[in-house]
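Reviewing the structure listed below.
We call the chains A, B and C, going by the order they appear; numbering starts again at 1 in every chain.
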Amino acid sequence: MTELERIVEALLFLSPEPVSTAELAVACEASEAEVDRALDALEGVLADGNRGVVLRRVAGGHTLAADPVAEDAARRLLSRPRTPPLTQAQAESLAIVAYLQPVSRPEIARIRGVSSESAVATLTERGLIEESGRSRFGAVVYRTTALFEKLFGLSGLDELPEASRFDPSPEDERELRQRLLKAGEQRAS
Amino acid sequence: MRAAELDLDLDVFAGPFDLLMAVVLREEVSLAEVSLGDIVVAYLEHLEEAGDLDLDAATEFLVLIASLLELKSRLLLPSPEEGQPELGPEEAADELLARMLEYRRYRNAAAHLSRLFAAGRRYTYRIAPLPPVLRRASLEAASQAYEARQLGEALGALLLVPPEPDTSHIRPTVSLERRLGILRGLLSRRGSFDFDEVFAREDRLTQAVTLFALLEMHKRGEASWEQRELFGPIEISPGTAAATATSSLARDD
Amino acid sequence: MTELERIVEALLFLSPEPVSTAELAVACEASEAEVDRALDALEGVLADGNRGVVLRRVAGGHTLAADPVAEDAARRLLSRPRTPPLTQAQAESLAIVAYLQPVSRPEIARIRGVSSESAVATLTERGLIEESGRSRFGAVVYRTTALFEKLFGLSGLDELPEASRFDPSPEDERELRQRLLKAGEQRAS
């Protein structure tokens, strides 16, 4: 390992948050290109399955994490509770915030068709979304946090697939329309 | 119990009330087919079983059932008085369809996020404080952040001695004579005793006067004491003169 | 690397405190002998100069630490000079050390009339004071540091403001300690 690679590894080890290439370059007094090469080399050394620690590119930066192979042992050692999975309401509200941010709670409720107060409160408490100001109508608006990107393994929001990819297929859409029309006719009759 | 938790068993739906609300709003169950009367009956039965009326829960139920009634009435009755052009079945379906398609987009996106989360949460991140050397300002980079005056002021405050509390209104009520009498009585009855055991519950003034009385008795050779360690128990025992006094007393008897 | 070696590396990476072989064995559901072999292998991989992180065997167990090669870079990246305003307890304890050094913690407590453990610990951690040996009675004694002088803009201890400036009566230097102790006792009574 070159000295730069060693220093980069040590910095990622020490830093509690993901560190960007630019920040690493300033700290190491090296160019971003040199740091990028060092990161690539480090990523090779720590490639999945090689070691207990892996290099993750998340939240606009680089960070080290324990390999999932150690998941259970780590929980036994550190007695950290298992991160609870997202409920359906939380996942839906989070998806709406992730794609439409900044977005208000009434807007989330309108799309989901149900009040989303408790889901939004839980997501805020878990640090996955945060308030980012107020809408024209005075409603608090929400955005996702760096922790969201870190926990979801995203290097940035642009890594999320296009929202249109999640639209129902034309066949599904046709079928829905048929069902609705039929229901409407029944109601009208 | 909250109204939302009310368990329902209807023709078209079985489950808690809040779930019914959710599926109705998502149009998965047609409100037209839901008998609201049955829900009210179920709630009244529940109230009867519970025996007492929880006002908050009852209010919540009233609000929910009222909004369902309003929704259902709109669904069943044409509403010409709103002055809006009546939507034809096709237009109404279009509007509803647009909303449902939008919802489906985010429901699918939510499934994608849940998969990312399930994969991501298996990685554990390190949570550790920085080593001490990185937590303090480095000598070279340090610049003045505090005023030396602050130290002088802190020291000056520590040099201040508070004024003696004014005790002129307190009249001592502990008599030295009486303490001497008590000590002499104890020594003759018990031989030796532990100071704290006997006097720990007395107030400070009484303890002080008792100690003063002990000093007086020590001076006269009537009592002596021993303390084996700092702040340890103080053992009081008769002095040499006390022994003769007692023996002479015995002789007198 | 075997799976056990990978898990041991991950656990040492995650734990902020040194971990004993016994603790590792429990967490890994392995025998202590197996964990010891894994540690030996890991020590070889992380031997000084190989990597940015080194394995240290310290009292209480095993721990990973950043290689000192990264210290300057780490300081540039992570070290934010921490100079928050001093609390009353910290200012008083620091003043006592500054004017009376060397001075022991029991003495500081006697002068202040209250236990000053946490203030002394914070001042030590921030590098304003340091241990400078032991008193005749075996208590650790403290003195101020070069960092202290720099943060207070002093070129030497003789630049400390005269204590008498803050006290009406002129003060004999040697009497300062006695007067402080006496005042402390009177306050405490």
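In this section, a contact is a pair of C-beta atoms (placed from the backbone, for glycine too) under 8 Å apart; a residue touches a chain by one contact, two chains touch by 3 or more.
In this text, all values refer to a predicted model and were calculated from it rather than measured experimentally.
When chain centres are taken as C-alpha averages, the shortest distance to the whole-protein C-alpha average belongs to B. Chain centres computed from CA atoms place A at the largest separation from chain C. Chain A and chain B have Cα centroids separated by 34 Å. Centre-to-centre spacing of chain B and chain C amounts to 31 Å, using the average Cα coordinate of each chain.
For chain B, residues that reach two or more other chains under the stated contact definition are 124-128, 130-131, 134.
The multi-chain contact residues of chain C, meaning those touching 2 or more other chains, are 10, 13-15, 66, 74, 78.
Across the interface of their complex, chain C is touched by residues 124-139, 141-162 of chain B.
Listing the residues of chain A that touch chain B in their complex gives 13-14, 16, 54, 56, 63-68, 70-71, 74, 78, 80, 83, 85-86, 88, 91-92, 94-96, 98-99, 111-114, 150-154, 161, 163-164, 166-168, 172-173, 176-177, 180-181, 183-188. Interface of chain A with chain C (complex): residues 1, 3, 5-15, 19, 23-24, 26-29, 50-53, 64, 66-67, 69-70, 73-74, 76-78. Contact residues on chain B toward chain A in their complex (touch as defined above): 21-22, 25-27, 30, 32, 75-76, 89-90, 92-93, 96-97, 99-114, 116-128, 130-131, 134.
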